[in-house]
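You will see chain A twice below: alongside chain B first, and alongside chain C after that.
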Partner chain A sequence: MQNNMKERSSYTPYLFAFLSLLLLGLAFWVIWKDEIQLRPWKEYQKEYKELKGAALQAEYDKAKKEFDSNGNSRKLETLQARLNEANNIFQSKEVQEKYTGLVEQVGIIEKSLAQNQKKLQETRGKYLETEYLYIRDQKEQDKRTMQQLEGEIEGLTENRNVLLERKEALQGNIDEITGEVETIKAEIQSLHKGLDEKLAAIESNDRISPQIKQIHIRDVGKADRCITCHAGIESRYKLSDQQPFTRHPASFVFLENHPVSEYGCTLCHHGQGRATTSPDKAHGWVDHWREPMLQGSMTQSSCISCHGDIEGLRGAEFISEGSKLIKRYGCYGCHMIPGYEKLREIGPVLAEVGTKINYSWAVDWLQDPKTYYEAARMPKFYLSKEEAESVADYLFSMTGTSRHDTLYTDDDIDWDLAEKGKAVWRQSRCNICHTTNGKGGNHTEIHAPDLSKVGSKVSKEWLFNWIRDPKKYFPETKMPRYRFSDQELAALVEYIVSEFQDWDFEPEYEEPVPIKAESIEKGKALVQKFGCFGCHKLKGMEEMQDIAPQLRRAGATVAGGESSEKIGAELSSIGSKPVELLDFGKMKADIPHDRLSYVKQKLRAPRSFRDDLRMPDYRLSEEELGPISSVLLGFTDASRPARFIIPSYAEIEELEGEDDSHILSGDFEKLEKDIKCLNCHKIGNHGYNYAPDLAIAGSKLQEGWVRKFLRQPDIIRPMLKQMPRFNLDKQDGMMQVNLEASEIETVINFFRSDLVTDDIPVVLPGLDDGAVDQVLEGKRLYDAKGCVACHQIGNAGGSVGPNLSDVGNRLTAGFMFKYLEDPQRYSPQNVEPKYGFTERERIYLTRYLMSLKQDQGDAENSETRSDQ
Partner chain B sequence: MGPFIEIISKPDNIAIVVMILMVLFFTFWAFQQAIKNDALRRRGEPIEGEFDGKVDTWKPLVRIEFIIALIVFIGLTFWSLVVDAPLEELANPTLTPNPAKAPWYFLGLQEMLVYFDPWIAGVVLPTLIIIGLIAIPYIDINPKGNGYYTFSERKWAILIFCFGFLFLWILLIVIGVFFRGPGWLWFWPWEAWDHHRVIYEGTTDLTNLVGIESRSGWGFFIGGGVVTIYYALGMILPYLYWKKKKPEFLKSLGMVPYITVSFLFWTMLALPIKMFLRLVLMVKYVWVTPWFNI
Partner chain C sequence: MKMFDNIKQSLVWKSMFRRDYKDTPRNRALAIFGNIFMHLHPVKVRDGAVKLRYTWGMGGISLFSFIILTVTGFLLMFYYHPSVDQAYWDIKDLEFQVPYGIFLRNLHRWAGHFMVIVVWLHMFRVFMTGSYKSPRQFNWAIGVILLVLTMLLSFTGYLLPWDQLGLWAIEVGTNMAAGTPLLGFEGPFSEYLGITPYNDVRFAILGGSTVGGNALLRSYVWHCVALPLVAVVLMAVHFWRVRKDGGISGPHS
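Our next item is the complex of A and B:
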């Protein structure tokens, strides 16, 4: 036994030594890992320091070269020589004696000043103490002491002032002696100043040692260390294209409005702001980090957390596009999406659709809307033909009992009438909103239906009644009521039906066939299942969301709350939904399991998760997926401090208790409801940007011009944006029976009363400049500033800006006067540069522009030109 | 095999993989030594390590312990350098992980939950395990095997330990780590862990198999009877056997230790029996009472 133990002990020293060495090695590894491997930012900072040092050095070298080449070195030499000379004089015995004598005297005075100061301090202290005692005890004795001390203080202060005065006088003498030298020194320094500053910058850069930098935003609970590696994110210099040394792109939009020190980085970009051990960790590209970093345009989805209004927000173009797409496709019909609650259903009313369309068309359309129109907004529900027929049966059963088609052959058409209709069609500018065979539809936000094949879709009677009074059929329609006469209507309908036919259309039910009751029931069930009422108003289903509990239970993913009223999943916090809660279902496609991929796939092919899902296929293009998902991912649970929040226009109005809907009033409101001015024009936050903003039209436009324009819409801008004629005037010869010319007065009155701003003066400020011809001066300015490059007068000039030939009849002088001061004042998108005119110049220019008038005859000419 | 490799290489599971290898190695080593020593004993030759005297703690023991401590320290340092702590996402009370697994060393207990009700599997059995471990010095009266490996001299002790530790403890941990997926469902190594997997298992209670409702009075008495008979037979039959064959063994053990050993042994065996009933006969409980279920 003892042998055994000895045997063992013989190798233990070696084992021990070996293990100790191993442990030592590990200790070094620990140090290396902790100091170097886990601190990659040290290297980055060193590299950045070098880059910056090199840039500063280059800048210094350049400045130095410039300094030398400007003959500064000779200047410096002369100054140096002068300095030496002055120094010599200063050093001479005589002057020195005087100088030292003065300095000594100053020294003596300073000594007495110090004594005086000490005494003063003591006395004041005593005074304060006595004052305290007096206030506490109210003893006469204390009061006397106080008075005595007060006197002492006065004496001391007087003494002090005398001393100071004497010191100042002596100092003046000293300055006189040293003045010359100091002046020359200051001159040399100022000559050197730029270079010295640059040298100092280099030195201070050299002194920087690697350290972790952090921005702590207390009320958000974020501590971002991103700038530890991204040292140059705010830099003025572009030092490198290499990450992490780049500058923030478009920082004039983003960083200027969101200073890094106030907002940090992860508030917008997400990622793991506190991580510094590796780029992947810092960017949140690791398992279990819920918010991986957002890059490029996707970052814009963060704007939504604070900004109420996205559309028109600078730097948020991507999500703004997404927001437009959400409105275009009406996602909010089925999903509860914050900010889109008040929008109307995007589809037309289906209450009397049986009187409107062909049955066979409806069946084809329900199966796949894109076979009728490539850009159809209605999605594909993957209905079988039988199912589509059931749905159509249900819809048709609301107004009738049969499946029926009406087909117009060439024989049914009155071609002469159609030819007349063509003129009406063109004059009414139907193509502004409606597309036909790829033409028109410039106003992309109105989403008017395509009419290329409408002749095979709707019946003449319906079309006639529709155009005569669209609101009767569909109260919320955007279609204006043109005041056509019945003859015009008939002609227009004839033209539409004859021109826009689908030659491939094969009606099956020219002989009506009765609808079966069970098919109606089946159709109703399908309509309820797929939630058609999300986009279309349906008779008997207006309150569907509320009265169909089975839908509620099946459709809602969040129990309780408003969300249960919509058929689709609530999206108000989709951007925070944990990946584990997203239902990837029986996903066949190989997509990464993250939120963005999920949302994109859901939009790309909703049924790819499971066949029995209800979300239809919108056939979105790949380019549309990004913007929409960026908006959706912006809806998060994250709460932002109030100081970051910028409420939307609508929210502000609501807060201020203003009734949103009553921006228009009186007769004008009625008129607008009829002819839909706000389909194209904007007033305040209402309407669209297709035509000019009318918010200040009353101050901007001349009354006479407005009157004339409404009668005969002219072309102001050389673009294809045209105002349709609404036949508001009797003299036009195309009058609607019940109309009065007073309607134009209604418009004018509303302009004058509501659409004015105090900002714009009614008359130009007077100018006391004697005999100067102001109009001529204005013309001189017009030519000198090159206005002609963009604006047209007569036939000369560019076509970027509006034609000014008749501007004197159109705009008010006050508007022009204010506009010239700051062209972006009334619409920030304007491209006209700010010239910085003086008030005098602006008056001259205004006077000149006011003189530009065309008589009636010229106006006619310009109209003919526009038709070319 | 992909999913299996993924599970096996998870940082969480390194400890279990190491444990499996170590358990296999030491079991193999112990049995190899035991067989060698048993052969020596048969031939009447001396066994290395067997001695009657005593050894100094300092230095022989402390030296070995120190070196082992060094090795463990080095191993842990190396491990922590190479593998980061396997942290997961922020805890979210509304979103619990699936499968929710106990720390690896408790997975044997968690696996028992499949077969017993929580009160038995989570409280009674662990308590009995601890009591059994405390009782070992009092019920193990065999002085042989001190300082050397042997099998033939401690057959029962070693077999019972191997069964209880290797099969009922280690194996259950391995099952819990590698074979239990989402929903605590059984997944073979080549199967991917499917969160949407649905399995129908219609379990029933023992008495229901013969047509008696387990929650009725009859069910209660029959179930209780089965459990009582199980323990009673388990104690009486071996007693009678040993009384006849080896009365001196029983005498030296004493009555109380015999009952303790017997109770612990049959309780331990109850686990595999219950597993068999559950997996093959789909029996959920043998005895249903208002307070606990067995």
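Our next item is the complex of A and C:
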């Protein structure tokens, strides 16, 4: 016992004291950690509150100053004086006596009203009860009671009405007494209203206390607490440029169409929306968070999860660019990319290439396409000269047995013929699609080959046959079939071959050399290894990409939809692939290990991961990497609720079965396949945006004008030259394909039958204003509204909008009439403002515009479907 | 003072405390008999036996961890839904939104780890001091069961955050169960009993053939209800047996 006591007194109290202090310290640490360190948003909210308070105060001060300077304070003083006077009268003994008397009387009446009400309720209840009993038992006695109760109810209701009347009368008397005071008070209040509201805003801002705020979107399981720190993201005012107090940029596009309360933040921006404890956690910049926050243009990746069509989507310019690049480089040839499945291989058919090109050219091209021309789309496969020769041998072996080159020297050229060919070249506007020595190629989405050195590449015979009927060699080509005579063709070929020569070209095989069989086999193996068939149709390899590699190794040869797999990795959920699963290989470059850096590096230098990878080098510029990767990272596993999904046109068409309104038909379809109208024009969702949309051309354009234009496309030029959007140089305008008269009729008929809309009236509505000169009225309006600022008539006017000098010959009255109502109706991108014309004004204006015609004498004008 | 006397005379007081303060041997004995906690505690403890260097205090600390785990676990249950859609986000919300939620969760997690370690050390100590020998063989057996229960509590709690770590741990753990002789579909002799992946012991643990919503729910129920209940009962027996077997073993007994 003694020992024990001694031991206890020796160290136990100190240990106890130490541990107690430690625990106390820990308790304080926990409180500090949880209340302050893990709640940084408290500070942010306080700061934002101060910023907002200051802004509101400034606004109030400004309003107050204005209020005072308008002499309002004087007015207020007068009102206050009047109020005091009225109050004095009201407070006088006499009036007060009368007032209190009246109020008392009202009180008595209200009391009896309440009693009456209670009694009425009871009686009604009794009545209902008796009614129920009567229906059940059919006793006469009940019926009598019912009648009696009915009488009582009537009496009570009458009594009540009397009381209400009396009350109203008394109330009227009271109002008379207090009326003056109340009126003045109301006046003061209305004078002060603006300021009071501002004061209330300040007060309500002062009352705000820090709290976590969140947007909960049930069907996607999101709870975004971003607005806890980003308090001003939706604000109308710009309070600060500093995060997290800024407003959302371009909110008129993004937030307007995707209200924060409905979409939250992380649906588009990713990040860890629930986190509140630190900016890094909230933005998802922590290990193992699979969706780090997207910022700036990269956010556009997210558009893809809901929007079917991204090209042309407002606010999605970055991915739109990326999508165009994917189409340009044909990534979908080797990779499964959702939405790009139905596109054509980007390269030409390689079936009879041995009859088309020079062998030496092919070998150079295969080694590095950019030595032929800088903008070549074909990537570099890093083939050795030997390998390139093998591939060329394989390709040439399809049509022959030798390596051979043909070189045209000056002596081979008929210079007179070439001179004639130059005229054909110009007239045909080959330069719209094809570039030559840096000229032309304005229509960038067609990707026609550069022709600067084509004379050293192809043979005359092939060129002649190609231009005569391009589809014969390459059925899916975009090249239109011009209606040239053989003489014209010969001249054009002569011109092309003479003009576009590569002076550095050194043919090795002007004397044909036989191809070796083993080289052919080697070439075929290389073609299969690198999957040339992803971009080129190759004889005997049409189905290569439809067979999964493992099946092919097992010897499968069937073309099967089910086993279809492309040579590259499928990219349909690359945006969700965990970083841990990305193969960084033997990457030597020092790049961060995240998804974006991986995809960018893969595009920048595909072989930098491992030397034996098959993906070729596209030599993309740094500016091209961002847009392409932003599109790719948009392909994720995430599913979105149906209410967010906006399907693409193609999907809608598929869902609705055939959408016959925009699918070409009959003779016109055949004609279009030949001359490729949709290479430049758009009809519905088909075609390109290079030339005007023809969706409603039948309603919009006058027949006579269309006929004249097709015969001689030049006539639109003076007008188009005015359009800054097109940047056309003298070389441009519509190409002349020499349509025959019957073909022109085909076009007209198709326009009239298919490209019309009921929306546009054939005849203008009549106006009952006999005496007025409608054309003159229209001109008055035209001048009054300042149309001249943008449009040109004759020599006067601006050049933002189209020239209207000949508009009366070109457009239909119905189109103008509807167009003036809402310029964005038919093409949402139009810049013309909505003036809100009345129907009458629109008729006047249309009549005026219809009167604007050049060369009045033209016989065809009489055929127009105008307003007569 | 009068008031206190009145309270002490009241029926309520008397029904709770059935004796007065007079320090007599009888009262001392009654204090022990009348109190369930004291009843479990040994009547007498040798002073050598309470020395830290002998017992390491591991048994008491195990109990202490268990109490912490019960209290924090009880509070955590207010914020947690054992469903696939919500479980992970509830854990996240404990961190991001619930006041002192992260403290609560960390306390529970660390106390859980701590208890496993302490229970092992307790067993080690008991073994090294030979305290499993007669007459304490039965209590050793109870202790072994308690050790297994501690492990199972730890294992079932692992899945509840519904994160990758827990998911794969349970995947691995239950696949081991699939190798149980006779009862697991991958175990020896199971084919003679007609065991398939859909009726074996793994299926019973997971409530299915993969780690999914049912596995989560089962883990939750085992972790929060069944296992703690059994553990409490066995702990009561364990402590009571300490008393019955002559108190904590000492260096000389």
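Keep this in mind: the second predicted complex is superposed on the first by the 748 of 868 C-alpha atoms of A that agree within 3 Å, B and C clash if a C-alpha of one lies under 4 Å from a C-alpha of the other, contacts with A are read in each partner's own complex, and residues count from 1 in each chain.
The criterion applied here is as follows: a residue touches a chain if its C-beta (ideal position, glycine included) is under 8 Å from a C-beta of that chain, and two chains touch if they have at least 3 such contacts.
Since the structure is predicted, the reported quantities are computational estimates derived from the model, not experimental observations.
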Touching partner for A:225 - first (chain B), second (chain C), both, neither: second
Per-residue contact with chain A, leading partner among chain C and chain B: B
Touching partner for A:30 - first (chain B), second (chain C), both, neither: both
Which superposed partner A:242 touches (first chain B, second chain C, both, neither): neither
First (chain B), second (chain C), both or neither touched by A:290: first
Partner chain(s) touched by A:16 [first = chain B, second = chain C, both, neither]: first
First (chain B), second (chain C), both or neither touched by A:580: first
Residues on chain A lying within both footprints (that of chain B and that of chain C): 4, 30, 33
Of all residues in chain A, those that touch chain B in their complex: 1, 4-5, 8-9, 12, 15-16, 19-20, 22-23, 26, 29-30, 33, 287-290, 578, 580-581, 585-586
Chain B residues within the chain A interface of the complex: 48-49, 51, 53, 55, 59-60, 63-64, 67, 70-71, 73-74, 77-78, 81, 87-90, 92, 95, 196
Footprint of chain A on chain C - complex, ascending: 47, 85, 89, 92-93, 95-97, 99-100, 102-103
Chain C contact footprint on chain A (complex, rising order): 4, 30, 33-34, 38, 212, 221, 223, 225, 274-277
